[in-house]
Amino acid sequence: MLKECKAGERFEGILLINEWKEVPFRQKPGSYITLTCQDRSGTIQGKIWNYEPQVLVWLNEQDVFYVKGMISEYRGTLDLTVETIRLVPKEEVDLTELLPSSPVDLEVLERRLDLLIKKIFQPELRVLLEQFFKHPEKGDTYRRAPAAIKIHQAYLRGLWEHSLRVAEIAEGIARLYPGIDYDLVVAGALLHDVGKIREYAYDRGIKFTTDGRLLGHIILGIELLTEEIASIPDFPNELRSKLLHILASHHGKYEWQSPKKPKLMEALVIHYADALDAELWQFEQAKENYPNDDWSPYIPNMERYFYLK
Amino acid sequence: MLKECKAGERFEGILLINEWKEVPFRQKPGSYITLTCQDRSGTIQGKIWNYEPQVLVWLNEQDVFYVKGMISEYRGTLDLTVETIRLVPKEEVDLTELLPSSPVDLEVLERRLDLLIKKIFQPELRVLLEQFFKHPEKGDTYRRAPAAIKIHQAYLRGLWEHSLRVAEIAEGIARLYPGIDYDLVVAGALLHDVGKIREYAYDRGIKFTTDGRLLGHIILGIELLTEEIASIPDFPNELRSKLLHILASHHGKYEWQSPKKPKLMEALVIHYADALDAELWQFEQAKENYPNDDWSPYIPNMERYFYLK
Amino acid sequence: MLKECKAGERFEGILLINEWKEVPFRQKPGSYITLTCQDRSGTIQGKIWNYEPQVLVWLNEQDVFYVKGMISEYRGTLDLTVETIRLVPKEEVDLTELLPSSPVDLEVLERRLDLLIKKIFQPELRVLLEQFFKHPEKGDTYRRAPAAIKIHQAYLRGLWEHSLRVAEIAEGIARLYPGIDYDLVVAGALLHDVGKIREYAYDRGIKFTTDGRLLGHIILGIELLTEEIASIPDFPNELRSKLLHILASHHGKYEWQSPKKPKLMEALVIHYADALDAELWQFEQAKENYPNDDWSPYIPNMERYFYLK
Amino acid sequence: MLKECKAGERFEGILLINEWKEVPFRQKPGSYITLTCQDRSGTIQGKIWNYEPQVLVWLNEQDVFYVKGMISEYRGTLDLTVETIRLVPKEEVDLTELLPSSPVDLEVLERRLDLLIKKIFQPELRVLLEQFFKHPEKGDTYRRAPAAIKIHQAYLRGLWEHSLRVAEIAEGIARLYPGIDYDLVVAGALLHDVGKIREYAYDRGIKFTTDGRLLGHIILGIELLTEEIASIPDFPNELRSKLLHILASHHGKYEWQSPKKPKLMEALVIHYADALDAELWQFEQAKENYPNDDWSPYIPNMERYFYLK
Amino acid sequence: MLKECKAGERFEGILLINEWKEVPFRQKPGSYITLTCQDRSGTIQGKIWNYEPQVLVWLNEQDVFYVKGMISEYRGTLDLTVETIRLVPKEEVDLTELLPSSPVDLEVLERRLDLLIKKIFQPELRVLLEQFFKHPEKGDTYRRAPAAIKIHQAYLRGLWEHSLRVAEIAEGIARLYPGIDYDLVVAGALLHDVGKIREYAYDRGIKFTTDGRLLGHIILGIELLTEEIASIPDFPNELRSKLLHILASHHGKYEWQSPKKPKLMEALVIHYADALDAELWQFEQAKENYPNDDWSPYIPNMERYFYLK
Amino acid sequence: MLKECKAGERFEGILLINEWKEVPFRQKPGSYITLTCQDRSGTIQGKIWNYEPQVLVWLNEQDVFYVKGMISEYRGTLDLTVETIRLVPKEEVDLTELLPSSPVDLEVLERRLDLLIKKIFQPELRVLLEQFFKHPEKGDTYRRAPAAIKIHQAYLRGLWEHSLRVAEIAEGIARLYPGIDYDLVVAGALLHDVGKIREYAYDRGIKFTTDGRLLGHIILGIELLTEEIASIPDFPNELRSKLLHILASHHGKYEWQSPKKPKLMEALVIHYADALDAELWQFEQAKENYPNDDWSPYIPNMERYFYLK
């Protein structure tokens, strides 16, 4: 793990290359490559001083490589001089070694999910959730997926962590308003972002898929749920429309890419809980990153400074 | 037909009731009912002077009734005093007798559709169009549906007429830009609004369906196309994504309920042709409604006056 | 109470006049007055057929009058023919007899308030809340005030009911995020709208005060809290700034009249909870008003129809 | 031509300097100049290592110079070491040697223009077009002008190429809508951007004129057309107003600097065709620039990625 | 004059008919006409009980008629029963008898104008103003024109009154900022709205002209100034561009139909002074209309209530 | 003073450090510090080649230091090699030596202030102004404060200079509109930005205070005025509300952080005068910075180029 490296040691292992560029030498002809490498424990800047031209062809950003080199220190910052680098075949890539993961423990997430599903009475909704979360591929992908590429919970298991918090906020609110259907709001919260498992590809780094860009996670989620529901006998038609509406409206506004506004109490609550968790996450992150400061730097995405005291 | 009625004659026939209300008498206790009745030839105001209270329960707006009464004249405007009124059973309703239809002849529409489809080479797109338009129910519903509830082509066969014009505009543009895929742009234009056949119910007048309000014609159209494509063997995956993207993006902007912006030349052309036809239709309509005026009244939907000379 | 009146009976009592206008007779010279009267149990239309001109001077809208007259029926709707009407002196007005009140029981509200305050540890915040809620005049006005003039909880005790729900939502969320200060978020939620007790006058009906229109409840609330805090020894300066910031930012956006955006987790949560409760209330209201309908009428304030099933 | 240069050769010729700056040496006092030079065949980076201070005064960006120097290579990119540089007198500048031109052949453009004008029946419109396009100076400037400084068709003859495409789109649409006046829509399309010949100066590179910045091409075009029309006897007054309205409204929205919205079918069609061609041009450009990519880079002007497959 | 009429008297004179409509009788077949009549002293409601059908053809709104009838009173409001009505030939119409005029005295306006022009040194600007204001037709039309059809100074001489105030505000500001050119700012202020004399027709009531709707007063003003300036020998080119820019930019924002933003100090000052006078006028108007109220009614155009104390 | 320094001389004095960063050496391990230093006469770039690590801890941006070093020249630009640097104790800091000040003379500002206050008749307003401006601390802070951190009059005494100009513009306008209360508009103009003395801290450089960020100068100004007014016996209640309203509404729009729109003529005038002075100041600045140019560079804050001729 990068975190354990020390200056003067050699490094050998599998790394994710986030971005790289060729830099011309200032004082002589020729150039070198700088790259940002990461594994789940952290990030290091690397340099390749000598390389053959075809490296420029196969060295993709957001891709995974076997790397060998030397660690040196430079005013307290470590630096990796790469001596060997080659592509790692797809089947050897283990993203959980390369990307950070939700700070919440896997078992804790699983237990919280269980707890939420167990309280659901409506039989078809319960079947839907159990079938989906136990599905070897879909359930697994959902548990691994990040919540976003940037902004909030952009790490492995981020989708899961985020969806649980949305569901838990929604649950708390449902208890205060008798008009809210507990089963629907919790199931909707857990599934509101399910289309992200087709919007992002993250077998080698995190990228948008072509379908992700052409259709987006709202439509992809509706397609996915439509398939799931089709396999459940007698799933009530109206319940299906409500669930799909929750997905369609969870961004809350047309300008935020929701083709419908929330027209159900449950859809409204999920929209609010979704937005609130994404924003609170940024506060938490700022508090973690600037533990000694009164004020965060300017957060462009929120168009403000946060007060951290 | 209402158009042929004269003052002093009796009327007997099936009419669509658009709206009605109970009006209290000014000078004495009690009230009467005024209603707007229509068949495909026109509209007449009606009055019911005597009625039993339960009429108020079964007299729905946007519904179809058998009506018997007397025509009278009042300053050049005809008026129908209703003596008998009762609900028409669903199977006896023939909407084409009750609602106006596209001014374009049915045969002309059919011929223009044929012409457009025949020029399509891409085999799966051609199969998709033929299968859809020949489908006894879907093809028929599409041909009957209005293009909108208000604003443009809000009459029977309006969807068909509008889609043909969008396709014909797109065809003309495709000829000027070699980068545009003729087959895709024409197929996309014909199908861009297909979800409207599930967004509106028009067995008895024109109304939004619950799915229409919860999901909208973009998502309903994508569901419908997904089903259609699933039944065509070897439909290329990428072609499917492009078609669905055309539906998803045809409103052009997030604020207009498109969850994606046009990212293909074909999607862009369809978005423009769609908006342009809807706006030109309003000019045509204004010219027809105010044949002797220089200026139309203010058109709220377009936020301007039209110059009609 | 108006609710118990029957046609043919006489009425005598104190009523709130919401609005009135003079209506010219259609068939003869002269005019009559129509007025909308209400007490807490309901509303009735009234008419004054004979009156002296100076009535037009002292008959204010949103004011309270002693009224005597005759109830008659007109197609199931009751109607009050006013024979005597005169202004009620200020000290005899009891608004709780005239305006509807929160459907939630007074004791329940009091108990929920107690519960929330009891859990607060931070000593100065606790003193602040106790001092304010026990203050004979301020505490009482707060408990009586409506939450709004229109839109949501626009009835007596509406401010209290709304603030409790905001506090309870916030409390639930605080339990999920360790970074949120429970004491601050609950105190802030209870006080976020406190300026409304100076923004509205409701000794005789509900009206904006001049200060309400010139300054608004955010600034009036800040003034009020500033005074309260000044009387508490050693109230920490930073806590004071945070509390005032919560008031200043609780509308969440500049366009919604908040001069600051939420820069504290607690301020963010209160903003969300405030907006969410105001919107959920409208769903609840629609469900109550249209118990048998699938869809509400169009809700202009929310720019959508609600699905009520 | 720059395109034919090779490393190790000497260069001598006339170049357009787009931008330049003085760069301090890192390791020693003093500085050098880097500049971007172009002729119509391409672009090269240049450096001036030794120069007298007054160079800084007469070395304008977007100006034309005689340049002598040495070509060298540096990792596959050519580099020009400038030895001699001096201003070229205005009369020796030939912009067509320095700026790229429309990829469409001059003869093709001329033929398409002819074809469009020939079909116009309305005599005054035809005179107007013939007089303008045959005018030795105006007609010529129009044919040379770029369509824009950035974004679309920002090369010589771009205005002409763009206007022809707008006219051809409009022509195709006019054929589908009997209400559209063919003569007016084609004439309007050819002239909609005519003010650009006074908005940009492009005798030495492309720049905004002072009038271009103070008044813009809509007002300058209206002034220009007003002059042209004044010289045509009996030009119908109403036709003149319509033509000027087409110019005034062709951006379609106030926010896009049109002081009027399109109020004629012809003005509406030209607005749509104008916007559509500008956007399709960007797709074409992206396809040309990234022939092997599925997706374009982010296009800030269109706020999206293009799908290029 | 209408103001002097009393109930029971006969009326005979020339009136402007603002609007009229045919109203069906409630209790019997047939209908009558109600119309709003005005002269410069006030407004009266009229009724025509008997009329021949062709009245409906020639009775235009915003037109001028000779009217004979009977005044009656109805709860303090006067009412005119029209017995004879016929069109007044154009040459007999004197608008100053029919429309209200600026409350400011004609001589006062003339004196203030003189004063402003006399202080202008720049010779061509002075010639321009003198030539324009002394022009028998243009100068006269300017002095008579209203400043707007609605909102502010919508009465005869309103344009003049408004322009003077804008010029006087600008003059005061120019004295504080040495960078502002006094001559230009005053001349620009006096002429900023000059296009309104072609945007409105007010020979018979106030209406938009066709050119007014197609081009607007900014473009029409620029055309007018262009003509004026063309007749002044050696008018400096740059001064002309600045003046035209002031017209083009005086609405200040694209959304308000200015195709350019103010890029000169003088243009900026005129934009601000123009907007400020239009808004202050509405305050003055409200104070005049509600002399005893603390608060004005809601002013939709300003989206607020005014405090009038 | 920095302005008087010459290359080759030594420098010793107190400087404000605006920003600094550590820069790694390109050719060897280690790094150096670059910093921007200023006093009221100008700005110089500095470098520290050798330093102990703890410098990085106490070297704050926007703070004040005693600096000793050597001036050298590098292509006409001076450069300061810092040899000694240490923090200056708070009581020795004299900001007027470190920051630029308003170009207007202190005596002139004082005289203009006097003049404005002397004309005020309303006794309580006069007392308020005199008490505030003579207050040893508040009056002094007001006179020293900048008008902004960026954009306009961001220098010492900027608040004072700006407020005077706003008051003088307002005074001129008040003379033209009899409905405007001279005393209120001048007092309001002088105090509209008074909250800035608590929004910014400028004992050591200019920074936002925590209260400035949490509450903003509108609320802080209202708090400050509330305190001031409380100490004046019999200050009329309504006058107080009007003054506070002027502060609350002086940004004119919700989007610009005013929680209320101007509802008084005086508030409207102050809003306009405030915005106009801030924009004219930018024109003046551009004319000063680019005395020989026709056009300023693009001014992002004003979204335009200025024409400077």
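We just call them A, B, C, D, E and F in the order they show up, numbering each chain from 1.
Assume contacts are C-beta pairs under 8 Å (C-beta built on N, C-alpha and C of every residue); 3 or more make two chains touch, one makes a residue touch a chain.
Note that the coordinates shown come from a computational prediction; the quantities given were computed from them, not determined experimentally.
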Please give the intersection of the contact partners of chain A with those of chain E. B, C, D, F
Could you tell me the least number of steps, going only between chains that touch, from chain C to chain D? 2
Taking all residue numbers used at the chain A/chain C interface, answer same if over half belong to both copies and different if under half do. same
Which chain has its C-alpha centre farthest away from the C-alpha centre of chain F? B
Tell me, please, which of E-F, C-F or A-C gives a repeat of the A-B interface, judged by over half of the contact pairs matching in residue number. C-F
Farthest from chain D in C-alpha centre terms, which chain would that be? C
Using only Cα atoms, superpose chain E on chain F and state the rotation angle in degrees, rounded to the nearest 5. 180
Go ahead and note the Å separation of the Cα centroids belonging to chain D and chain E. 43
For chain D, residues contacting two or more additional chains: 26, 210, 213-214, 238, 242, 245, 263, 305, 307
Can you name every chain pair that touches? A-B, A-C, A-D, A-F, B-C, B-D, B-E, C-E, C-F, D-E, D-F, E-F
Considering only the defined contacts, which chain F positions touch chain A in the complex? 22, 24, 26-27, 29-31, 210, 213-214
Touching residues (chain side chain C, partner chain A) in the complex: 165, 168-169, 172-173, 175-177, 179-180, 238, 242, 245, 261-265, 268-269, 272, 275-276, 279-280, 283-284, 287, 302-307, 309
Touch list for chain B against partner chain A, complex: 210-211, 213-216, 218-219, 222-223, 226, 238, 241-242, 244-245, 248, 254-260, 263
Could you list, by residue number, the parts of chain F that touch chain D in their complex? 26, 74-75, 294-295, 305, 307
